[in-house]
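Below you will find the structure I want to go over with you.
Letters are used for the chains, namely A, B, C and D, taken in the order the chains are written, and counting of residues starts over at 1 for each.
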């Protein structure tokens, strides 16, 4: 059997589960969704083996060839992000299970939406043509907005609305670009044969649209509030994959569709990333709320990932891809921990954090481990990614990028250690007194395991690096 | 020796205390007895392992553990004579400091956290000692930053938090500088292990300037932990940490890690000949000399006991760098042996300062009056260590100074002798008044604090201080013994000294 | 001036109007209308631009537009629902650039210590 | 094993006994009782005369007595024991402090005497230097503290100078065996000066004598006795050990040292005459006498060939001055003005120091002249030497007048008597046992006329200038230096205090940054701005892309 068939499962298992869940009464939605969410990651094992053997898997539906038909392909980058998605999703499940029980009003939409989000993300990662990508991204955005809105606070709703409006603006720009590409080349495939033609307006429209979705500074404004106000598990999965899906799409278009983009543009985009790194870290350092700190940190880290564009080498790709993996795991873990903290303390204001290490040692530890990865201290996954990028910068004598990459860790350290100092070492003078019921321990453990994983992959990065080392996104080299 | 053993022992040495830390973290605050036993047993096992490896190395065995971290980037733990020197220092002092710390923190909160990080910190130090290439050294160096920070801020007071911030600012910046330097170096030279005499000589024709810049960056990066002036700012602030931490910071782990990194850089990455050829040797000597003098002057200005000790560390640790930079058999030995000697003396001083602070609430120098009579053992230990710092024979400090100074002359940099002498005089100027206050001034009306500490703990505190003080004298008196650090170091240095 | 250019210009103008509306309109409803305007412009463009010289209609853009319409409808529906929710919660249907008000707590005219110290010392007040 | 024990015991025993002082009660009493007699252990190695090497200790320590150290060993054994006996009876305050200082000094000097290697010698010497500080500040008065400070500064600086010289040797030869230095294997002459100067501090050679006149009056009587009698001679030992006659180029600076020695001899007297306190006068006398010792050393430097032959004469000089000076200091604690007998007991060593005929002083002068003769210096130096006796006599007359006024009730301690007797006998015995040619008859007149001259001067001074009273503060130059240092310190404090360097407070920057960020975020979050940003960035990208095309 062709392993590419399994790709269908990645998209259709959550989709079908979502449909089933919608049909069923509310109290059955949760177990069905759980089954669905646990089922599709199982496919990743055979798929990984297949990708490791065959490099990419391609699937074309029903004999209809692109551009009219739908084609999917799975490459190393997609696989890595699928793993992040799977792991973060599974780790978020206990928290979601606990929070969205059958008696909770928001549970009714939550579980189907959760599955639809998975569907959208998986489809976006598999998309082999530009339009298909648009559809998947749109699905993802809508599901994410809806999930954010399950919080039902004014802040969350406003954030969701803003996300929706800006996201749609971004998608429309993207789809305009897609239209122009089709006009120029008559093809929607991502790996354009006539890549040189994809220039200027089309490319710029697509890039800008995707940058909005990926929250690259200064197009990031929707992100902090959206992540910061979303329910914990949602924030976790969103920070782990949703933003990154757009980023991956951006990479693919950059390296694949517009195979030979001008260096000047690359440098400009790298510069934008550089500003994002600094600005995001600075803002994260000044946030008064834990979740906002973590959210802003994402903006900084996404900027970091933009550095792939100017560096544009195999090593840089390995580094950026690996950073994607490590950051996804760490960030999801931190959001999950933050979610538990909000549950117990009733707030995630950093003023309430002192003494946390005694009340919630597992969460504190998770934050610490995740923070270590964000900073990129060895030996963590963050370090591996950083080191590969550094090497890439060295190989190209890109001194500016080299110094920037090195300094980025320092800037992350500022906000991470601020949080750690407050959580663990501050005399608990102003800590809240009334504590809410503690979520089950498995939620804490799940977050911790995820954070541990983010560190451990730094010790054994070979499989991922091996996969990522076979060529730039989409097989270009 | 069985091959698997030769591979397993170096990581085992590192992991022993990691394991201890895990047990301590998991057991939590309540299990005090378990924690004490785990601490002591792990420290003992580690010491035995180090001794085992040391004897095996002496017998000509090689230890090597390789693990490919990234393609072309290996984590290498090995054991050469220099590793053993540093490792045994850490192992011995860890044991003593653990005993001391258990007693010191008998009643204080957050002990599980403290001892957990304490053990992790020693793990990292062992990793630094055993590191077989620059990357491994760097990894453990960063881990050390990470694991010592919780110890620095342990008290949680605003001062402690500020000190922690300052510490991080300095050390993480140092880490960044190192990272850049290493990326550059790896790009130039590829993945190369430490080689006595360095491995960069073939590159010098082509990359002269790059190598110089990298060297400066490496020294700066390590120099931050080694507290080379003006990169020393974090060290005096870190004094707010509990005394065992200060002892650990100053004697075993942090500043020593920096100095050790510089040793490795100079001897095993570049080789002193190359350093001299790049024109970096004299500047390095100058930086060390400058640090020695200015550190002492700054110490003279302090009226807080621990801060004065901190500046003294700034000054003393640079002896190591000085010896390495001067080079030659004598000076190299002097520098390397000071790694051990300074550790022993400084750990004693901090132990004593901690005891004064804990039992009597003494923190300022003018409160030391008459303490000699009240705490004769502790004060004797303090006096011995302080005299050693000045370089009075037969305490170990003398041995270091002897080799450093004669080495400087042998290597034809006679002005270094002037620096050493000035430093000795300054040391005398800031240590002798303390000794005079301890013994010769009548005590003020300092009330004894309500001592909330058991007799056994008190004994442990005093015993650790006395033990290390005794060690400083014994090692000084038996410096020529074949098993002394000095003989060990002479052996190492004979492999390095290019002139 | 060929017919295509007219269409393209028209689509650009409509898109521009839509963007303007989306960004500047106060009421969310207006924003959503503007959004739909933009969608129309996009569809227009998708149909026109790839038109082949030979005049035969290309089926692909039409399929795309069909899909796009589905998405547009669902997006609009969802956005409306969200608007209703927001209206119920806050009493009016507009979105405000609300930076977290707690952030203001940092910037009370303190002279001796940084914001972080303020947190550390436990004396912070708004 | 026996050899090792005999050689090591004089060093170890005092340390052990000092450690026992820590236990109050019977053990401490026993330790103090035993302490005075420990110096006698030094005679074991002397009699054994067989060195032993301890290759594991220090930097390969070697211990043993040799001809250079022999006279000092005898002096140390006798004078230190007797002074200790005296101290056991007289020192009542702070006994632990006193005896630990005493015993560690003893261990130090024992090590310095017995060590046959450079490092060992230095170790003993520095222990001696530091521990004698404890003896000086024993009184804990303001004066004692000042004396201690001055001593410590000078001693440390001197020690560092010695250290520099020593490492110069070590850089050539490692931890050299002392005996090998004679062959000229030691460092370059430049380093010799450092060594000489470093030890000159201990000796009290002008202008490094400053600590002596301050320290002696404040130290307890027995401590002064050993400081002045024995410990200052450690400097001579240092010279002989590290810059031995015959060492590379050392003969070159013989004449300069000779002149310096003579200058010190006269300057010591001149300054001493202006003093009003007994022990200060004695201190200056010591300085003066050490000048003569320096002259003797200089003569040896100039005649390296006859070093071996002249060594016994040096021994006579050492023993003579050491014992007699110790006796004089002990006398200060025994109310010598109270009876005629005590007066005689004071007068005897005083006359000896003044080199009266038939005293050991005459013997010492004979030796000095022999040395100068060997050195081949002109007759003028011999005349100067004789005149120095006149000067010394004047000083001791001054001393005699002062000391006769000391009559507050104190019993005379037998140790004093014993010291005086030892001073009378031992130098003679030394001379005889070493078979020196004494020239007794020929020495009488040269010894007598300077004294007569002195007597004449004393008599005529009474006639000529009865009112002449010069007052020089004890420690002479120290006063000037202290004032300068105080001024300097104040100036530094003023400078440092005025423009105290401060790191600028970053808080305002921080606040401004936060405010700016807040404002920016507020602006950017509003949809029009956000949209503009999107379009603007897109436009920028497009522009750049176009630019890149061209």
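Everything that follows uses one rule, which is that contacts are C-beta pairs under 8 Å (C-beta built on N, C-alpha and C of every residue); 3 or more make two chains touch, one makes a residue touch a chain.
Owing to the predicted nature of the structure, the values given are computational and were not obtained by experimental measurement.
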| item | value |
| --- | --- |
| Chain whose mean Cα position lies farthest from subunit B | C |
| Selected pair, greater C-beta contact count between B-D and A-C | A-C |
| Mean-CA-position distance for subunit C and subunit A (Å) | 22 |
| Gap in Å, rounded to a whole number, between the CA centres of subunit D and subunit B | 36 |
| Separation of mean Cα positions, subunit D and subunit C [Å, integer] | 91 |
| Subunit A-subunit D separation of Cα centroids, rounded to whole Å | 78 |
| Touching two or more other chains - residue numbers and ranges from subunit D | 514, 521, 525, 527, 530-531 |
| Where subunit C touches two or more other chains, by residue | 19, 22, 31, 95, 98, 103, 106, 115, 120 |
| Shared-contact residues (touching 2 or more other chains) in subunit A | 162, 165, 169, 225, 286, 426 |
| Residues of subunit D that touch subunit C when the two form their complex | 506-508, 510-511, 514-515, 518, 521-523, 525-528, 530-532, 535 |
| In the complex with subunit B, residue positions of subunit D that touch it | 22, 55-61, 97, 119, 122-123, 126-127, 130, 137, 140, 152, 156-157, 160-161, 163-164, 167-168, 170-172, 174, 187 |
| Of all residues in subunit C, those that touch subunit D in their complex | 19, 22-24, 31, 95, 97-99, 103-104, 106-107, 109-115 |
| Complex contacts: residues of subunit A adjacent to subunit B | 357-358, 361, 372, 375, 377-379, 383-384, 386-388, 390-391, 393-395, 402-403, 406-407, 409-410, 413, 417, 421, 424-427, 459, 461-462, 465, 469 |
| Interface residues, subunit C side, partner subunit A - complex | 15, 19, 22, 28, 31, 35, 38-39, 42, 45-46, 49-50, 59-61, 63-64, 67-68, 71, 74-75, 78-79, 82-83, 85-86, 89-90, 95-96, 98, 100, 102-103, 105-106, 115-116, 119-120, 122, 124 |
